[in-house]
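Two complexes follow with chain A in common, the first pairing it with chain B and the second with chain C.
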Partner chain A sequence: MITIFPDILILLFPFVMLSLKLFLKVSLKTQENFAVGYFLVVFVTLNFILLGQNHFYLSNWKIDSFGIFMREIFVLSSLLAISLSHNYFNSSVSLKPKLLNFSEFSASVGFAAFGGIVVVSANDLLTLFIGLELATIPMYALVAWNKRDSEGTEAAIKFILTGSVATAFELFGFSYLYGFSGFITFPEITNAVATAQVSPLLWISLLFIISGIGFKMTLFPFHLWAPDIYEGAPTPVTAILSVTSKAVAITFLTVLVLGPLHSVQKEISPFLALLAGATLFVGNLGALSQSKLRRFMAFSSISQAGYILIALLGNTPNAKYSIVYYLFLYTFSNYLAFFIFSVVGKNQAETFSALRGLSEKNKFLAISLLIALMSLAGIPPLAGFFGKLQIFTTAAENGHFFLILFAVLNNVLALYYYIQVLKSAWIDKPEKEIALSIPTKQKIIILILTLSVLLLGFLPFLSNNLSIAFL
Partner chain B sequence: MNNLISHSYLILLLPLLSFIINGLFLCFRHRKMAAILSTSLSFLGAVFATIISVNFFISGAKPILAFNYEFLPFTGTLVATIGCLLDSLSAMMILTVSLISFAVHIYSIGYMESDQASGRFFALLSLFVFSMLGLVIAPNIFQTFIFWELVGVSSYLLIGFWYDRPSAVSASKQAFILTRFADSFFLLGIILLSYITKSFVFSDINALRLENFAGQMISLGIIEIPTSDALIFSTLLIFIGGWGKSAMFPLHIWLPNAMEGPTPVSSIIHSATMVVAGVYLVARLFPLFAISGNVLEIVMIVGAFTMVFAAVIACTQKDIKRILAYSTLSQLGYMMLALGSARVADSSIHILGYSAATFHIFTHAFFKCMLFLIAGALIHQVHSNDLNAMGGLRKKMPWTYAASLIACLAIAGIPPFSGFYSKDEILISAYQAGHPIIFACALFTSFLTAFYMFRLFFLAFHGKMRSIPKHPVHESLLMTLPILLLTIPTLFSGFLFKGIFHNFSPEVPLSLAKNLPSATFIPPLAITFSVLGILLSFLFYASKKSNPAKALDSDNRNAFYKIIYHKFYFDEIYYAFVRQFILGGLASFARFFEEKIFGTLVTFATTLIQKMGVLVRKAHAGSLPFYIAIMIIGLLFWYFASNLPLQGA
Partner chain C sequence: MIFNIPFSDILFYIVAVFMIFAALLAVVSKNILRNAIFLIATFIGTAVLYLMLQAEFMAMAQIMLYVGGVVVFIIFAILLTSRLGEDYLSTPKSQKIGALFLAMTFLAITLNFLIQNSNLLKNVSNATPADSSLSAYGIRLLSYAPDGFLLPFEIISILLFMTLVIAITIAKKDDKEEK
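Then we have the complex of A and B:
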């Protein structure tokens, strides 16, 4: 029963953090170190759980390899987000007031991670829905964390209002699915879907469910909220939104599409393909002419969501394999970019012009940025390339060649705007000199992330682990 | 000792190491170090190569695949590998390449002493050797192609080594473009061949038989042709690759112009690397060529024509490196001819042609390398390539003089020097396989060879000095030593290795020729022709009555001589063709297309994308009601656009 241990740890985390503040009154520094150490321990523990192709249930709680890997991603994302937030709690960053209430902040991050874990472990619609909401509601709070920043508050209001519409879609879809099958547990729904797939009820419910999750995963046209919210939220929250939130959403889709809906995957494939194509195209178009870094990252992550969705068109082992692989790389690359942006935006707004002259001020950061963005753009031999390659091979198995072609062409657009960022960092001359300082801790994390992005492409370490588990 | 053979792939690492260390670290500031490192690694390589090949031949010359790493599986059977195949042919080539490379390395220390960029030179030289070694040990045609191109690139870099000289730059470009032109056919051939056979591996390719494809058709996209025809066609395409690399007529013009590189480079290009790659390719795929209809006949005719053609031009040239270059062309023609002549009219195979060709690669490498080193030594003294500036150097450079006598006798085919044995076998093979005209051409060329080589020899070393050198003439140790070292194989490689090469026989899936005519009259006849050539040359250029100044005059000559002197105007023809047809025609059309049509399209596409980007950006203006409305509209949109069977069955 060691496998359930990390889940319990994550569930306990928010309460421990709150107790630390309420009863023990420890300092901010201790709280931070504790939170990072806690997630690190959980992450390491998770790495020791090797299930291979087995899976088992604890009552209604499903644990399998895919679940373990997704847990690793959620924990990793939380760990990095909490490290990233260090600066924001200790000083004013990016011309905004500094954040307060670290213990509550990290508790919310922990709740969101637990929400993700619930989603991936769900074996019925109710658990699935609770998990999704558990992952979403802390996000609303996190976006508005900087109460003294009106932009953040505005973003949170937009987020919660659009989010409620999406939740309504979701619940409506679930109700139809229940109405169609008569059950909320997955095995029964699987049977019902496999035997009576002609009913329009099923398709209506799927349309609503996918549209609802489309909001969380920023699929076209439910992505409109993303740029505003990414821009308004504090940078660490933006990073969580772009990684954890997206990972939860794709997990949700994977659990459904490769689970109960597996027998109709062929029928929903065209819809998913259209969604993926439209999303990555719109994301790329939007990113073309941005001047603010977080808004830019919003569009970039919209198009990345389109890429990840392509993997769902493949068959079971490979699809899961490539989703996990891609999410790992995406986590590393994205956080690396956010870490760099936060260092650059320490004393100024996080815009493209803030990056100017970076290559002269700090070669290390400039090279890390180069690696992060080239990986996101999918340039070999960096990790991102292999992630994309894996996704395309998965989709090619079921013959989605036009979509792949379209996605590859879109990569050209993506390369264009990633290079725009790099142009600011490497070629453009700065307008005014603003000093740049990197705290040692940040430097170490940036170094580790850079090496991960660089080496995961070369070394078959991750892919070996994954293929043992899935293939 | 078999252990050593199975680690023979290590031979590749030595020059690679030297290239990387020199290229990255030493070439800018520590050129002395670079020279020492490169030379010592090439010494190790030469020792290692000798040990490997001696062991290989002692232990029975059984082919061994010493190393095979799969790196690119195209399909289940079509897998690109990097490996090391050791058989008689590759063991012989490894030995030749390594020994020649070592001699050239020592020589280069002396020759490049005053050049500031010698670090780069040694790095590139190592790359060149690395590429050639990788080419000869390739167990499959895919690896061959990779290293084939690497050989091309490194020769390009070395010919254009003095990139501040316009002539060197244009020569390097010419060499690269011409060989690349031929390589494109080679690549097509590889694609077609691997499409037919589903394999890159030589052992599979060489086991093919046309009968197995009887009645089969293969679709080449537009047309469908019999598989056996496609196979023959692919063999021909592959041969075109070797055609360009080995500078056979009419793709020969790059080789004489490649003289613009430093002399050690010419020496290694002409002897062991680059040009013999084409002959090597044909030898490596010999069984495939043998079954492929008349392709061997084409090989023979191309070889024979180049042989005579180049020898005729060599008789009139005044630039010593050019003479040697044309002699290389002529000797390569011999090798190609020998390979081609192996096919007897009743489509059986006379294997002597194959062994004679490989034997000639081996012997030719040593004396040709030596001749170029000698030429370099001469040029280093008189600072000119022109025979006009030489003459009477035998007293100043006695060692070089003695060595060049040996080399010239070897290339002229006088026993007991090495060239005699291999050339003799080529003649015998051509005669026995029933190609009398080709045989006569070869005999005539051996007369011409003796004539032009001794013309060079007499004009350079005998007579009076025709110019006063600026510096006192002397022999430098570093440059003379490799020349003297090379006299050893030039003297002995003929009769010592004759036996080994007689056992060189690939497994050809055809019957071997029987009832061959006796050819005992050929060796004396060949010697007679060579001696005649030498005597004629002596009469013209070294006897008391001769007048070297008049002999070297190229202006007051008849039209025939002038045509030959100007190399049949091939440079000019090529120049006009490139100017008029390629630059004026194709290139200007391509430019028009690029600028007007393609450019417009690109501008249109980028503008469109930018406009759409602005549109998308404007949609995210921050209006909450708009966002919520779009979510609902989006749902409706997907209701119609999602392709879900919403209306029921």
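Then we have the complex of A and C:
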């Protein structure tokens, strides 16, 4: 019974948050503490679920180990996003007006997390699609949350227009998959795909599905929306977009490619490998010439999406293992970077020059930034390195050595631009003095995240749990 | 002999030709208002096809949702947007050629599939009219058997609720007290 309990808790969360504001009229501070506490409780509950078992509720609600880990990632990401948004609701940050309507904000974050859970629990195409929409539609609104900031509104309009086209593509792809197999439930589609192998209808369907999801995951030809929207959105929303949104998209692809389409994985992997390689390269090239921090993080997360996609080329247990592992470490490193950017950008625009002189003003922040970015770049003792290592090992199983070589060479390119950021923080002298103050709560979270990034790679908690579940 | 052909076949071809023409006009016509009207004609043709397949519910949903909802919405949007209905749309030639090429590719692939699996055309479905009746739909929507749709049905209600909440939040004026 405990297996389904966290799902129900997350489903109830938005309703509780809305009633806190509507009926109980509690203060903003209480709402924030409640939301953070609620997600912490859900996260702890998730850790009590026994791994390595498959449960089905109402015949079609599937809960397996992969699902439980993905739930943990969605909940963790929502928890961190809500803590990150604390400053933005209490004062104006980086020269923009402060955000309003916290309870609706956290409700949307909760809905997006539930959407991710629906995607990972789905056992038919219809539920899968609705889950994806449930995770995407709140993002459109969240990007526009700062109504008094015209950049955010512009970004949201761009996002919703391009996003709905992508959704239409996906649905069209699904219609071909349905027409090809005659069913929308996964076991029947698995059978149909296994008996027919590759047919032209399946190729059309895959083309459209991958184009649609490629948009949401910011894969190469469909990535151009990301920089504009990451820059226009409020920083906590950018963080959610780069973690939750990407995690939902990769879950969606994993559920399809390692599920019903498993028997044609060999045939589609050259296509996926090409996409992954191109995405890596384009993300890295784009990041080289940025001067704004959120735009830079957009390109950095595009190239990270390329790395995650490489994991899909491996065999089932290892591929899921490395996707979950990488996503965990990516969540920690990415949020750490965003927390630091938000502290630095408290009283100024979030640009590279805002970071100047950070090492003199605050050693703690400068060291945390060093750890976050080196982890994203994949430097050995840090978490990011182990994630990449795991992904490359998985892809090597099926002999994608050329792609791995290409990805490793790209890492060198990535190191260059991550070091550019660190150069601003450690070497460049500040142009003008702007005071830097860290609230105690932020300091504690940054400390916890720094320690996680530093230690999770070689401490056995995460990897032991994962091996119990998958290997 | 023409008299040996069942009447339903003749009706099918009439509807099909009508739909193809309406669809072509919906794309080719340069006035956006006319495009919308021809789109309605195409959707009504689809509804007739559903009726001929004895799927009354689908036919009804098709007319209510697409003709009654979506296209009327489009027409309202066109008429309320100043001058959008008056201008003639023009598409660059390169786009037209690209679109034609894509459409032909899809047609070729679909035809190829249908020719390879020609038994699909001959197979008579063993579904009875009762399967597509309104009560059968209702029962399947709320059934939690493996082929039931309880989960998506309920999740859609959450999706709609969420969309309402965030749309109102984005559209409403902010309270003074929070500033």
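Here are a few things to note about the model shown:
Methods note: the second predicted complex is superposed on the first by the 464 of 471 C-alpha atoms of A that agree within 3 Å, B and C clash if a C-alpha of one lies under 4 Å from a C-alpha of the other, contacts with A are read in each partner's own complex, and residues count from 1 in each chain.
By definition in this document, a residue touches a chain if its C-beta (ideal position, glycine included) is under 8 Å from a C-beta of that chain, and two chains touch if they have at least 3 such contacts.
Only a predicted model underlies this, so the values are computations on that prediction, with no experimental measurement involved.
In the overlay built on the shared chain, the residue A:41 is in contact with neither chain B nor chain C.
In the superposition on chain A, contact is made by A:133 with chain C only, not with chain B. Using the contact criterion defined above for the overlaid structures, shared-chain residue A:408 touches neither chain B nor chain C, since it reaches no partner. Within the superposed three-chain model, A:204 lies in touch with chain B and with chain C [touch as defined at top]. Looking at the shared chain after the overlay, A:221 reaches chain B, while chain C stays out of its contact range. Looking at the shared chain after the overlay, A:268 reaches chain B, while chain C stays out of its contact range. Judged by the document's definition of touching, chain A residues 199-200, 204 lie at the interface with chain B and also at the interface with chain C. In the complex of the two chains, the chain A residues touching chain C come out as 11, 14, 18, 58-61, 100-101, 104, 107-108, 111, 114, 118, 124, 126-127, 130-131, 133-134, 137-138, 141, 144-145, 147, 185, 199-201, 204.
By the touch criterion given at the top, residues 609-610, 612-617, 619-620, 622, 624, 626-628, 630-635, 637-639, 641-649 of chain B touch chain A in their complex. Residues of chain C touching chain A in their complex: 106, 109-110, 112-113, 116, 144-152, 155-156, 158-159, 162-163, 165-167, 169-170, 174, 178-179.
Considering their complex, residues 157-158, 161-162, 165-166, 169, 198-200, 203-204, 206-208, 210-211, 214-215, 220-222, 224-225, 227-228, 267-268, 270-271, 274-275, 282, 285-290, 413 of chain A touch chain B.
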